[in-house]
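You will see two complexes here that share subunit A, one where it goes with subunit B and one where it goes with subunit C.
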Partner chain A sequence: MTTQEKKAAPKPKIGVYGFTGCAGDQLLIIHTEDELLNLFGSVDMQSFVMASSNPIEGELDVAFVEGSVSTDEEEEHILDIRKRAKILVAMGNCAVGGGPQAMYTGDKKYKERLQKVYGDNVKFFIEPVEAKPLDAYVEVDYYLPGCPIDQKQAFALITRLIHGAVPETNPHPVCHECKLNETHCLLLDKKFCLGPLVAGGCDSVCPSHGLPCVGCWGPIEDGNFKEHFKLLESFGMSKKEITRRIKNYGGHKILQYLENL
Partner chain B sequence: MEKALIESSRNIAIHIAILWVPNMRILKMQPKFLDKFLESLEKFGALYGPVHRNGVMKYDRIESVSELDLSGHQLPMIPVKKLFNPKQFTMLHFNEKGFYPDYSMIEKRVIIGVHPCEIHGVLRLDEIFLNDPADPYYAGLRDNSAIIGFSCWPTESSLCKSAGTDIVDEGFDLFFMNLNEFYLVWVGSSRGYDMIHEREEFFEQEVSHEDMRKYIEWRNKRNEVFKLEIDFGSMPDIMELSHNSEVWDYFAEKCLSCGQCTMVCPTCNCYNVSDVFDVTNETTGRRERTWDSCMFVDYSLVAGGHNFRESRADRLKLWYTHKLKTFGSEYGRPGCIGCGRCVDTCPVDINVVTVSQALISGEVPKE
Partner chain C sequence: MSKKEIVIEPLARVEGHGGIRVVIEGNKISDVEVRILEGPRLFEELVVGKTPEEDLSIVPRICAICNLSHKYAALRGLEKALGVTIPNVTQEYRHLMHNGEIIESHSLHLYFLALPDFLGYDNAVAMADKYGDVVVKALQLKKFGNKIMRMMGGRMIHGENPVLGGFGKLPSKKALIAIKKEAEELLPFAMATIDLLAGLEIPNHIERETQFLCCKPTHEGYDYYGEFFITSDGKEHPVENYKEVIIERTVSHSFAKRGTYNGAPFTVGAIARIILLRDRLTGQAKEACDKLFNERWHRNPLYNNFAQAVEQVFSLESVISIVDKLLESDTPEIAQRTTETGSGTGAVEAPRGTLIHSYKIKDGKTTYADFITPTAMFLDDVEAFIRTGGENLLANNQMENIELKFEMIVRAFDPCISCSAHLVEVVYK
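Our next item is the complex of A and B:
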């Protein structure tokens, strides 16, 4: 081999896992038909629960995990995956923030809620625990937010990792994409929208269809929560109602921003 | 010998006639010819102009001139800058051997219905993108685009009279002044002459004194309509004196950092680039360029983790100082062309009017 020729990078060993959630993030990867064969050709797919029933569970270069940790079995599983994976990516809103199942996080009434839904003296096959994001248990290297994740954003991250490069994060609000898509701002009509507080990456899909942003990419650090709450209140919404709506997808990640409002 | 000389001087004369762009000429056109004439411009490139799509006015490619809104009563949400500095595009493709610029988006275009302030906006962007070293994407799109300006009527938010951008004498190929009974048509380039030449039968060469009187009347009437004004001339000093003003803290507390003001501003032009790999083990991919905003927190973040303008007050101060002071010192005219889009767009009323008024009076707006 001459020095001119360069060997292609070795194929990274990948695992894709699903915890508690709708499995929509795994589905999105499988649903990216145009790139699916390329993806399987450029990685060494060891385990992909939705795509294969013959997993190999060993050392991994990258583990993608979707879903929240909602049982003690999943708690053990995430600790095991973390031990085996060099890089851990939290994939989708449930893995990143806990998901809609974590919307009541912080109310300290988990036991009451469980009992209300399942009744007394229920014997569970697997012991449930209050839904938490991956980083409540282990260190997460990269976050791929969304409900479900976005193809463009997901594959930009996956291919960076295939090439051993550092993925980029998006700290910009949904409003950025709204304007790139030339979408009318709902706030100007005094309508509810969480856009300025929420990370973009969805290509502003809801506002582009005249629907408000409900926050499924999770909060951005730079969000001006105080002023945005004030603005929404001036539209006639109560603080309680705004808080309820922002918690739907906010899970664990929203709590710090709602303090001192 | 003599014959040859005459022949060659005649050739020179013909060449001069073709190359020479005479002083601006003004023609007259009856409204009934407008659509037919605009249709004929297809010969010069794909037609673009302001249209309504899903309830939003935007510059877009048109199938028929009947789609155009040339009423002049509204500005598209995103300025015409997007046709020269596209919002998002692939700059180049790369592999291990090198990179290959992608100029595939450059096409011949005729952009119809561009208001005077918008043309001023493009002229200011020219200062940034065409100065050496020129941006090849911008330059390519600019060279291949004809601009057909149209007169307009002030909105509630228009500041173009204050900004001196309510009239325009360069930066267009043709400019249509709509006086209802007829159009006055300014010819601004040799390409503009070629366009006229295509359908000479639509144009009247003689503009009467009475026609000019109607135009002056129209201008006087229009000048009365403006509701807002800014003393742009005194703003550089005011900005200089306001560096430590508490006004910035007031606006910083309100600002949502949504970045909409920068997206809709005709002279904002910042972008970010990002390399996107192909889904393969080979080192191949593309470089994408996307509009960015100095209102976003990572804009002034540099390697090593330092952020020059982490606070919202610093970000706002940068934007307004650039628009009202530094742009002018660098390029001769302020970075605000008075379109009023920031007035219409900011959900919390931070705009060139509220900010300049607060800085001048030292008082923040009443809630």
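Our next item is the complex of A and C:
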């Protein structure tokens, strides 16, 4: 009798990277506890510097990148990762839209703010640039929005990608999740809630705590911005005030929706 | 004379993107830089013009691991500025929240970021074969810290639930009882960790004298917040005077904001707290401290890992006693602000050290904000310890694995690079 040779398909090569941000999205993966050991077991983890020493930087099946591009060094790094990775996932609000550090995008005052925090005549050893999302530099295949990402949404995508399946999109706003959770609508109380304009995935966590949505998943494509602005204005808030607040987590991605209001 | 440059980049198993550069000339170390490679995020400027509610939402995004410490420091500062007086029971809920974060952060650092070095592994998952029990239990402990953070914060990271004057939603009695039970179940593992650490040999090549600073609790016991800083020279300083206590300076080769005390580097974090406040410990935390503490802690930052283990015990015991108090308390109202204009400074002990948030509010909008993070405070001391350690290794010709030995020093401090991203290395023209 011949013994059958044991062979298995190679595990997908994965890299997890952190650019400028709070590291919260990588931390959420580390914080899965139950899934973390399975994840390390079911993939070939090439590079995950926050969790392990001695990374290998070569070809990758999937790269997960957290953080905004905020230095010239990071710009080079994202170009390099893109070259090596078959699939690139922008993970978290900073990678998707630029993050809170991109809330003033377009006001042309970046240099001024930099100087206010660091003082005059400062020459940095790496050159800082105003925060931009990954897709300002490279093509991004999938987006995992959120500040921070949601474990359930993230693992649904990660699981499909490492098994060669196509992940589902999440085309619903926060309001949809409020309805599923039977959460009382804060707009009925005339509270400033951004839910109708914001992508879901958080399981409507803030409204579930009686707190308005601050918009940390970024804009949803089919949000009715014009009508929602009108509604919020009728609560006694100025357009300027609403715009300022929605930009806190809107980064680059919000700008197109604010153009024709 | 030979010149050698050691660059360790990226620095693994720390929060954020950093590196170390050490220049060796002959048998002297001529330069040490702990480099912060993340781009500046300019949070102090981001919040200008915002309402205090927006500040509270935005500032925890500085750092994920200690997001609730940022929220807590901001709350303490903003509530002073706006004349908000919270009921005692709300303060107890905040303690519960903060103890959850200490457990989450310490267990992450101690078992997953630091311990692999001491046991000779690249990461904690690789440790699982030989130390399976420890890894599984450590994950449980970390999960428990996260559970409290989720319960009090609203979600594990960047929860919006803590608001000015109180919380959006408070946990049910049933949830509190479950938390207490779990804390009781985890205490034996936290104590077993003390014995595991007691068996480790801590190298002595990096030892030098330094100074320590932490918040002085407002009561007789041990805790993670205060209205005064206490320092190892026996002095106390009101937190409002933080700018006179911690002198931020610019140096030619290094970066814009770094703190010194008395013109010299200092250490903050678990080791500083245990050194300055250990007489206040009681119960099993005292027992744990008595087992591990020795006089070398004053000179060796690797003992910060041990100090974190003692604080894990303290925080588990605190969770139990806080829940007991909460179960007998009424549900607090959210305290309201009494003014729209004012200024205030809040200080708390983040897991990795003293964290200061200072705000000026005018007519309900932020006009000024200043944050000093623990990493900004201790980075000078990290470099000083690398220098001492490196020179001793050179003198004894122990160059083997010198990179790992440098990394272990940095990791012992549990630095938070996201927090300190306004600590960019700079040179003046």
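In this text, the second predicted complex is superposed on the first by the 251 of 261 C-alpha atoms of A that agree within 3 Å, B and C clash if a C-alpha of one lies under 4 Å from a C-alpha of the other, contacts with A are read in each partner's own complex, and residues count from 1 in each chain.
As a convention for this text, contacts are C-beta pairs under 8 Å (C-beta built on N, C-alpha and C of every residue); 3 or more make two chains touch, one makes a residue touch a chain.
Quick caveat, the model's predicted, so the values are computed rather than measured.
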Partners on subunit A (subunit B, subunit C) - clash or fit: fit
Subunit B versus subunit C as contact partner of A:260, first or second or both or neither: neither
Subunit B versus subunit C as contact partner of A:53, first or second or both or neither: second
Which superposed partner A:103 touches (first subunit B, second subunit C, both, neither): second
Partner chain in contact with A:173 - subunit B first, subunit C second, else both or neither: first
Which superposed partner A:73 touches (first subunit B, second subunit C, both, neither): second
Inter-centroid angle subunit B-subunit A-subunit C after superposition on A [Cα, multiple of 10°]: 110
Touch count on subunit A, higher of subunit B and subunit C: C
Closest Cα approach, subunit C to subunit B, once both complexes are overlaid on chain A (Å): 9
Interface residues of subunit A shared between complexes with subunit B and subunit C: none
Residues of subunit A defined as touching subunit C within the complex: 18-25, 27-28, 30-31, 33-34, 36-37, 40, 49-55, 67-71, 73-74, 99-101, 103-104, 113-114, 116-119, 121-126, 128-129, 131, 147-148, 202, 205-206, 208-211, 214, 216, 244-245, 248
Subunit B-touching residues of subunit A, taken from the complex the two chains share: 6, 8-11, 35, 38-39, 41-42, 155-156, 158-160, 162-163, 165, 168, 171-173, 175-176, 178-180, 182-185, 187-188, 195-196, 221-224, 226-228, 231
Partner subunit A, residues of subunit C touching it in the complex: 10-17, 35, 37-46, 49-50, 54, 57-58, 61-65, 67, 104, 108, 112, 116, 122-126, 128, 139-140, 142-143, 146, 154-161, 163, 168-169, 250, 256, 417-418, 421-422, 424-429
Complex contacts: residues of subunit B adjacent to subunit A: 53, 55-56, 58, 77-78, 87-88, 96, 253-260, 263-264, 274, 276-283, 285, 290-291, 293, 296-298, 312, 344-345, 347-348
